[in-house]
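So, here come the structures, one by one.
Next, two complexes with chain A in common: one pairs it with chain B, the other with chain C.
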Partner chain A sequence: MMNDKNSQKIVDIIQNWARKHSIWVLAYGTGCGAIEIPPTMTSRYDAERLGVRGAATPRQADVLLITGYLTVKTMKRVIRVYEQMQDPKYVIGFGSCTINGGMYYDSYNTIKVLDKYLPVDVYINGCMPRPEAVLSGFAQLQKRIAEGRANGAQQYKDNLEWYRANQKKIIPNWIMPEYNW
Partner chain B sequence: MKEIKENIIQRIKANFADAAEKNDFKDNRVDFSVKKETIPSILFYLKDEMGFIHLSHISCVDWLEEGELEVVFIVWSPKDKIKVFVRTRLDRDNPVMDNVDMIWRQANTYEREMREMFGVQFTGLVAPEEFLLEDWQGPPPFRRDFDTAAYAEKTFWHRPGREDAQDVRETIANRDGEEIPDFAKKYSR
Partner chain C sequence: METVLMDILGAVVTFLVAFVVGMTYGGLSRKITARVQNRKGPPWYQNFIDAFKLGFKKSAIHHGVMHHLGGAFLMVSSVMTLMIVPVLSHNNWFPNLNFQGDLIFLLYIMTFGPLGMALGAGQTGNPNSAIGVTRGLSQMVGFEIPWVLALVALMIQYHTTSITGLMAAQAHSGTWLMFSSPFAFIAAVMAMLGMFRYSPFDIVGAPTELASGPVSENGGKYLFVMMSSGSVFTFAKLTLYVDLFMGGADNLLILLVKTFALYLIPMLYGMTTPRYRTEQAVRWFWGWPSFFGLLAILQAVIF
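Take a look at the complex of A and B:
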């Protein structure tokens, strides 16, 4: 039955519906944007009503929030964390620093374009985005999940060489494991 | 306050012949420059004999035109409420000086940062080579002749679209056909 295309479609719909209502965010902040997460999670904006809540470890989490500028040193840890996360996994680029460098566009040690290194499903712009914007970003992600378009993880698997080459360009001493899914 | 300051200046001058005082207008600040060989002994003296037990900061200044790097130690005496600056100049091409982390352990962190950001070498510093800049390939980034924008241009991707550095207000106004009021034009680039 699993090979049957139509039944797979139905399974996907049910799966995506379930996934969209339980988005667990890894409690890992880079840059200044992480300061907007506590108000988003607590009673004023209460993201938990959308199924968004914190997760303690990468293996339990579904969403990796890149909350701002990423230095090369942090980049290593982020790649490590992203590759430890289990499917389904999504990346949200948070703040203008992840989109085009923001105010760190000429900094010597931060990356400017996040989607060259990790597959990004949703970008939230703003410097920094207010909790309303964060919630709308999560709503956007839910919409994409429901439509089956949030497939960044698949994209990463398919184009691993390209992503690796980009990552190794800024991390020449690669001491991390080479995963081979 | 004035007398305490005078007293401190006198004592340091009496003990260290090469200590040149720079007149500081503030009553709670004393400013000295010394030769680099004197640094450990003057810091030991300040800490053990004169009560400057707190190391507030170590910073580095790049005097590009003079071909020198200046390392500044700022120490603080909680008893006298006085700050002492101890400066020393190093050759910019070969900046080597003595490690002082046996006087204050926290100096180790500052020294590691200075080694990485300015290329100052501290003899006898025991610490891993990399600190903040892992996998760094360029020259020390805090030196003034380091071109940050050119390095970033060379090393990282840039998303096209911000080259014109245009005011957001202007872009939106053009798109929506709005009038920008005169007083706001003054602040536009």
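Take a look at the complex of A and C:
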């Protein structure tokens, strides 16, 4: 007889397989990185063959793709978008700007390290990363999903206070709905 | 008692066949679109994976009761349509609730789903949903005119308002209705372009413009229900067209060949044409399609 733990493991494997092969991306075109998304999706690189396709709204999306630098002003919108997404959800930080600020490292109104504000599952480095790099990032995410290690959303829930404190530090007028999920 | 059980079992089998075939057609359409655009495209079973994933997503959205019921209305409408349309000509496995006048009932029930969805989308409070619903209902006003004209022409010509009656008329005369009343067929096929909401009539969902329109607040399980309802409805509509104009089908293989041939029309037309605006779409339906519908009525009355 199978015990509950093992059957849960099998269910997880099947679910993760489906999640891995059906990634709906909400491309949040914050910076110049948005220009690399059309070639990734169209004939030349064709991300749809991997099951990657665009989602229209945060409600339908699995992956939030932050393409480039984030200003303090857009940060607020990105947080709202992320919190409207439904579990399981993942974040991909795209380009050097999301890792260490990139060429905006000394700017007064961009954030430097995205991971302090949202839980990033996969980073794609480069300025700009080419479509090959983007596809390799998606492949990395698929690998992490299959292994069950893409649990950024759970981290966000567990350490919500820490993330909130960081977010409120850069967004002074915090008028946001409280989500209780 | 046993016949009732068999009927229920048959209804479940009908639903499953409709679900699988509709989903597969959706996947094939994605694949064919990709090949036309010189891409490799997703595998044909991609829609099943998507549906499976959506079904296992968590949902923490609450906009009100009507929002929860919107998808259910769609599903009810699709399943009702499916149950009334005869799937195969002579078969015990696919029962249908056929009765005199079901063609008129079908006209009503086919608009019931979108109306229920409109209520559900209205309660989400998303402006994109509201615009999408308005566009959808305008478009429906557009394509219902040639569609109803075509059906009324058939009803006048063959003095029957039941689908099985029309199928019997075709079996009796030996020619398909698409040849014996060609104008009605042309009008109905042109109306079908609007019914399937492929480009250029994808003004309801309108990706990148309306953010998927009425379903923009629905993710996860809601989207799963809507996706499966859409697949079932696709199968039901295609089967209805085959029954009405192509003499029905004796076995499942012939049905698949005929329905897929019909399904290629909106799909391939969509690949060559960009999206219309709402008023252009409505004007299109009230132009040539309605003209052919009127010709069909004239043919039915005079001959």
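What we mean here is this: the second predicted complex is superposed on the first by the 177 of 181 C-alpha atoms of A that agree within 3 Å, B and C clash if a C-alpha of one lies under 4 Å from a C-alpha of the other, contacts with A are read in each partner's own complex, and residues count from 1 in each chain.
Everything below uses one rule, namely that a contact is a pair of C-beta atoms (placed from the backbone, for glycine too) under 8 Å apart; a residue touches a chain by one contact, two chains touch by 3 or more.
Keep in mind the model is a prediction, meaning the values are calculated, not measured.
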First, second, both or neither for A:Cys32, with chain B first and chain C second: neither
Which superposed partner A:Ser107 touches (first chain B, second chain C, both, neither): first
Partner chain(s) touched by A:Ala146 [first = chain B, second = chain C, both, neither]: neither
Touched partner set for A:Ile171, first chain B, second chain C, both or neither: first
Broader residue contact with chain A after superposition on the shared chain, chain B or chain C: C
First, second, both or neither for A:Val72, with chain B first and chain C second: first
Chain A residues touching chain B - in the complex, by the definition given at the top: 71-73, 76, 99-101, 105-113, 116, 170-173
Complex interface listing, chain B residues touching chain A: 132-138, 141, 146, 148-149, 151-153, 155-159, 161-162
Of all residues in chain C, those that touch chain A in their complex: 30, 34, 37-42, 46, 49-50, 52-53, 56-61, 128, 207-208, 211-212, 215-220, 223
List of chain A residues in touch with chain C within their complex: 15, 18-19, 21-22, 24, 42-43, 46, 48-49, 51, 53-54, 56-62, 85-88, 179, 181
